[in-house]
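Okay, got some structures for you below.
Each of the next two complexes has chain A plus one more chain, namely chain B in the first and chain C in the second.
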Partner chain A sequence: MDAHTPPPPEAGPAAAPAAGITLVIDGVEITAAPEASILQAAAHGTAALTANIGCMGQGVCGSCRCMVRRQGERQVETRLACETRAEAGMEVSFIDYFIPEHRHVYDIAEVTESWGLLDQLNAIFPEAAHCRHCGGCDRACPKGIAVQQGVALCVAGDFDAAARGFDECVMCNLCTLACPEHIRPNNLGLFVRRATAALTLRPIDLVRRLREIEQGAMAVEIPPEAGAGAAPAVEHDA
Partner chain B sequence: MDTLNQVLLYPAFQLGADLEGWLAAGGGQGLIAALAEPAAIIPTLREADLRGMGGAGFPTWRKWQAAAEAPGAGKFVVCNGNEDEPGTFKDRHLLRWTPHAVVEGGLIAALATGAAHLVLYINPHQAAAVAEMRRAVAQWQASPWLARMERALGHPLDIAVVETSGRYIGGEETAVISWLDGHFPFPRRKPPFPAQSGVGRAPTLINNTETLAHVPHILRHGAAWYRALGIGAAAGTKLYSLSGDVMRPGLYELPMGTSLQELIFVHGGGMLEGRDFKAVFTGGPSNTLLTKRDLDVALDFDSVRARRSRLGTGAMIVISEGTSIIRKVAEYIAFFAAGSCGQCPSCKAGTFQLARLLDRIDGGRGTAEDLQALESLCRILPGSGRCGLIDGAVTVVESSLHTFPDEYAATR
Partner chain C sequence: MRAIPATRGPRGAPPPPPPLAALLQSNALLDDAALAGATPLRADVLVLGGGGAGAAAALAAAGAGRQVILATKLRMGDSNTVMAEGGIQAAIGPEDSLQHHFDDTLRGGHNSADPHLVKQLVTDGPAVIRWLIGLGMHFDLEKEAGLGARLLRKKAGGTTVPRILSHRDVTGLEMMRVLREAVELHPRITVMNRCPAVELLSDDAGACVGAVLYDLEHRRFLLLRSPAVILATGGSGRLHLGGFPTSNHYGATADGLVLAYRMGARLRDLDSFQYHPTGVAWPAPLAGGLISEAVRSAGAWLVNGHGQRFVDELLARDIVAAAILREIAEGRGVTRGGRVGVFLDTPGLLARQPDLLETRLTGLKHLAHKAGFDPRREPFLVAPTLHYQNGGAVIDPQGETTIPGLYAAGEVSGGVHGRNRLMGNALLEIISFGRRAGAHAAARPVAAYSRGGIEHVHRWQRALAAAGLPRAPRAPLLYPDYAPFSLRQHAAA
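So, the complex of A and B:
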């Protein structure tokens, strides 16, 4: 949760090429390579990144959420820094992880049949029915997900469509931060994805691969280091 | 001469819903003058220099003129009584204790603009104000005044008391329109301005409760009388909601242009427990701070603006030495974060991040980078919302950075 630590003595814009573009990230002026993403610009131009950093550019972890104002524009957008190209004159502010007052606690093992799923969802996410249709979640989502519609589909009980709609969600939490009714759409989306998976026949290739793993077919032998005992086999997660 | 409570809070006018009492005390005279010469209403307000008391200080006559000139039938006049900002508690008093002054002001506005609807838009959290206003409106409707109004207008006049959503955002002009149209009180971008397209797309005039309450008195006694009530170039009187670390917090009506010093140390009885004055959040939490060297400022719209601050609603939240300015600002930002309607991610995310940074800095865990990020947000956020909520939040943060740099110095 901490902000960036102070810059190491040698770091700075010197690493970036002279013909770079200049932007401001959290109040620090940074020169970046023309093709750089905001995250790359921040990584090269500021202190060591200790917050808002996760998968480092793959767009799957949602950590690098930020607000972006382009030069001459009035609008401020919420984006993932790793998926947004740095532009000259851009002003960027990273956003902390938002911790809501209320957590939604459930055990997905209790989702065992579809007849009661809507009741379960309503019990776990009672706020979902309170959507005031402001559209803030849609505007906040850096992945372009139709979040508000996804929430509506959950409330309506159309779980397959809702789960598909949230498929690209990386849990950046921006919709939760944006929601004035404390709905936590990303967590709702994750729930329906889990519930849908729990109530669906698993794809056979996944089943086969898991079986291979169980039988040790995917084990990787690591040669023992000098002085150390035999290293345990490392298994991949499916 | 006693300058306290001369007009709006004049004791003989604090009657509640008692139309006969109001008329006996001289009420109705303003409406009679308005009915006698409707064309003179707007010029009189112009000459009186009546300003919007909801915070903007915009010349009232201009708003009225725009609504009067706008083409379209079924125009609306709305009395905005949503009052829901920390430190402001003036409109609830007027609605509860002088409802007839407010309604009469609304009737004069309807006459000046040719409106067919007068809506008293009141926060339901002020239950006594809603109930009193319902009684007051029923008395007007049962009186011969309504027929006289309708004859003068040439069409029926509908008067209604409408409970607001009770949300802070519901006081914003375009949110008022959205609510009266039957929707959630979402603000929208202007233009179109309410005078062009408001409730049901009809031209709509939205005035603060205090603004309307001044109107019958101005029409009754004349613009020159009203101007003379003010000090210096300022006109009329103003309600000041005085709160915070003062001996006698409360609602004071004083000549527009009364000094901050006089408000706090004469009427407010000075600082609580003899503490030292540190600062005042002028015009509420979405505004700017004034400090010790500004105690001489005349509390009128133009003089306060000359100090790079704003009079706002006339709320004065007084802070004594020993209170952390950053802590107070963080509390206000948390209020805005909760009140943000959700439409604009920059407002929700912006207020959240401002609050986070302020909390870190106030808690002693802030770094120089946090301060840089805070200052950066103050540049990024303004103008990014549909309404002014995010701008107000930035204003108070920026003002604290500018006025109390020493409090932030520990993190530099």
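So, the complex of A and C:
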């Protein structure tokens, strides 16, 4: 399609209209469109955002994690700003990224022994068995994942169920922030997901195709006219 | 306009859209004072960009024993990769072949792709899937798991054989969280978040020997010397070319194109962008966001204001997008809340296949939840959204640009797709060419770290002055222009 096609009339980035709602984001009063998300409100604020912003609305990168207090409420909730609608009188604080004190280092290529997976899990994530069931992770998760149960499934060795439980995790690290035992539930869940795929996923159609390629039975021929529609390239000559 | 031919294009190259041309003709952000005060650093391989291509490149280079720095403007993983929904192409079906994949890709791109790059892409496909599984990425299976299971294959628009492999409709999320963890845990990779590249470094021979980064946390410039630099900076959707909304992440501001062009790299197909047919038109807060091609692949119809289907929903993306724009332009669109589009008939689809929402279209389920309605009862209103930069830096099959030492992988590169991209070929491209660039960059001799400088910038500035443009605006843009950002003010504060 031609890049210069006239835009459809409704198109263009969502800009803040003259009349909107007012909320406070990181101490600054912002006026936003009535239906805007917190993130859209912040992005069209007084200065360009350089952190806590990524996918801008899809809810998959986990950057825009924030604490939210609605007008008239005492309770503070953790949310993804891109998935939460801005409301009048709302108070929002974005949560900085932090250098984690505890790292659970492993190389997935060295997780090769399925008989010993449970032992390896305990060796890499020794804190996981110490869950005190405070429920902080469950309250912190903006995706509604049953984090505490997921940790218990990992520790019990119920790996497939644990992997399914963390399927919708976007690695926002809010459960890790909330955990007083330094379990790092999201990293634990991802370890189990990675291990189950790497240890058990052996699709036979892929195996067969890889063998065909190795044996040279899958050559690609470039026809003489291939690429004839290409436009010339540009470079400057300064 | 001999010195700065970006707007006109020499030798018959079609011109880029004006906002992109303006960025290509811009002045540097960096001056000599900033350079003199910069903190020096070294790496064997420098990767710019924290999406899938950057991660794959970093893992390949580190796997070859090199010390790698991966610097990224936002944060590792904040990228278009993590947002990818539909899946990844690899020719693994018994009725499929690498040749079919090659033919489909070349035809989908209107026979304008570089056939040698396409051959490399499709040949790498199955090995890429195996590599991803080895890192711990899940793929959907046809039936139950177990030895002998087969991968679930979906059909992409414009292809002859079902070839899309996926993890539900959140394939990019599954891929990116695995890649990010692998990168962050790797002992030879240092990740530098919030460190956008503001200029490349050149040596006397014109090779790329590093980059200047701006460290937003510490408000300082970093002079990073490296014998190989891999651009994995992605695309340019946040320029909102043509006034379109975009499906892209916040950082897609064409930074890599600007830096590569200023250094003298050859670029191609800069006028060619992909508009994804099914961007959200209504509800307004979600406008521009994407509804995965997986929804059409599963059988959803596009319906105009007269209640009629108007296009085969599974043709190539550019054709379907053009058909939607035509319906709107000729008055057969649907208006809702001041927004115009056509219906994506999810109620029809989910009546025919009621379990889809829970099994394969979880992304759609989340989107509908955010929109506040039930997709079984109400359809989305869709219109094309700016999705993908088809063109970019010219590369060879190892990912090297026309500048020695400068590599490009992923959306910032051009030639892999030609002038239109098929669904699922972007996720394949970033891993295939990311790994190739990383491995090839790792093979460069590291013995001598060149001093490097910005002589190419001085040359460029003299050309700007000669062309009467000494006060050209400064770029790379770094952030979209929704709110003001000044690097100088930020660095001075």
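Things to note:
By definition in this document, the second predicted complex is superposed on the first by the 184 of 238 C-alpha atoms of A that agree within 3 Å, B and C clash if a C-alpha of one lies under 4 Å from a C-alpha of the other, contacts with A are read in each partner's own complex, and residues count from 1 in each chain.
One rule holds for everything that comes next: a contact is a pair of C-beta atoms (placed from the backbone, for glycine too) under 8 Å apart; a residue touches a chain by one contact, two chains touch by 3 or more.
Remember, it's a predicted structure, so these values are computed and weren't measured experimentally.
By the touch criterion defined above, A:R132 reaches chain B but does not reach chain C. Applying the stated contact rule after C-alpha superposition, one finds that A:D26 touches chain B and leaves chain C untouched.
Contact with both chain B and chain C is seen for A:A47 once the two complexes are overlaid on the shared chain.
In the superposed pair of complexes, A:P180 makes contact with chain B only, with no contact to chain C.
Comparing chain B with chain C, more residues of chain A are touched by C.
Legend: residue contacts after superposition of the two complexes on their common chain; A:A140 is shown touching chain B, with no touch to chain C. When the two complexes are overlaid on their common chain A, residue A:L80 makes contact with neither chain B nor chain C. Legend: residue contacts after superposition of the two complexes on their common chain; A:D96 is shown touching chain B, with no touch to chain C. After overlaying the two complexes on the shared chain, residue contacts for A:A152 are found with neither chain B nor chain C. Chain A uses residues 2-6, 47 to touch chain B in one structure and chain C in the other. The touching residues of chain A, counted against chain B in their complex, run 2-6, 24, 26-28, 47, 67, 69, 74-78, 91, 93-96, 98, 132-136, 139-140, 174, 177-181.
Those residues of chain A that touch chain C in the shared complex are 1-15, 33, 35-37, 40, 43-51, 53-61, 63, 83, 85, 97, 103, 105-109, 163, 168-171, 187, 190, 193-198, 200-206, 208-210, 213, 218-222, 225-238.
Within the complex formed with chain A, the chain B residues making contact are 184, 186, 340-346, 348-350, 352-353, 356, 360, 367-370, 372-377, 379-381, 383-384.
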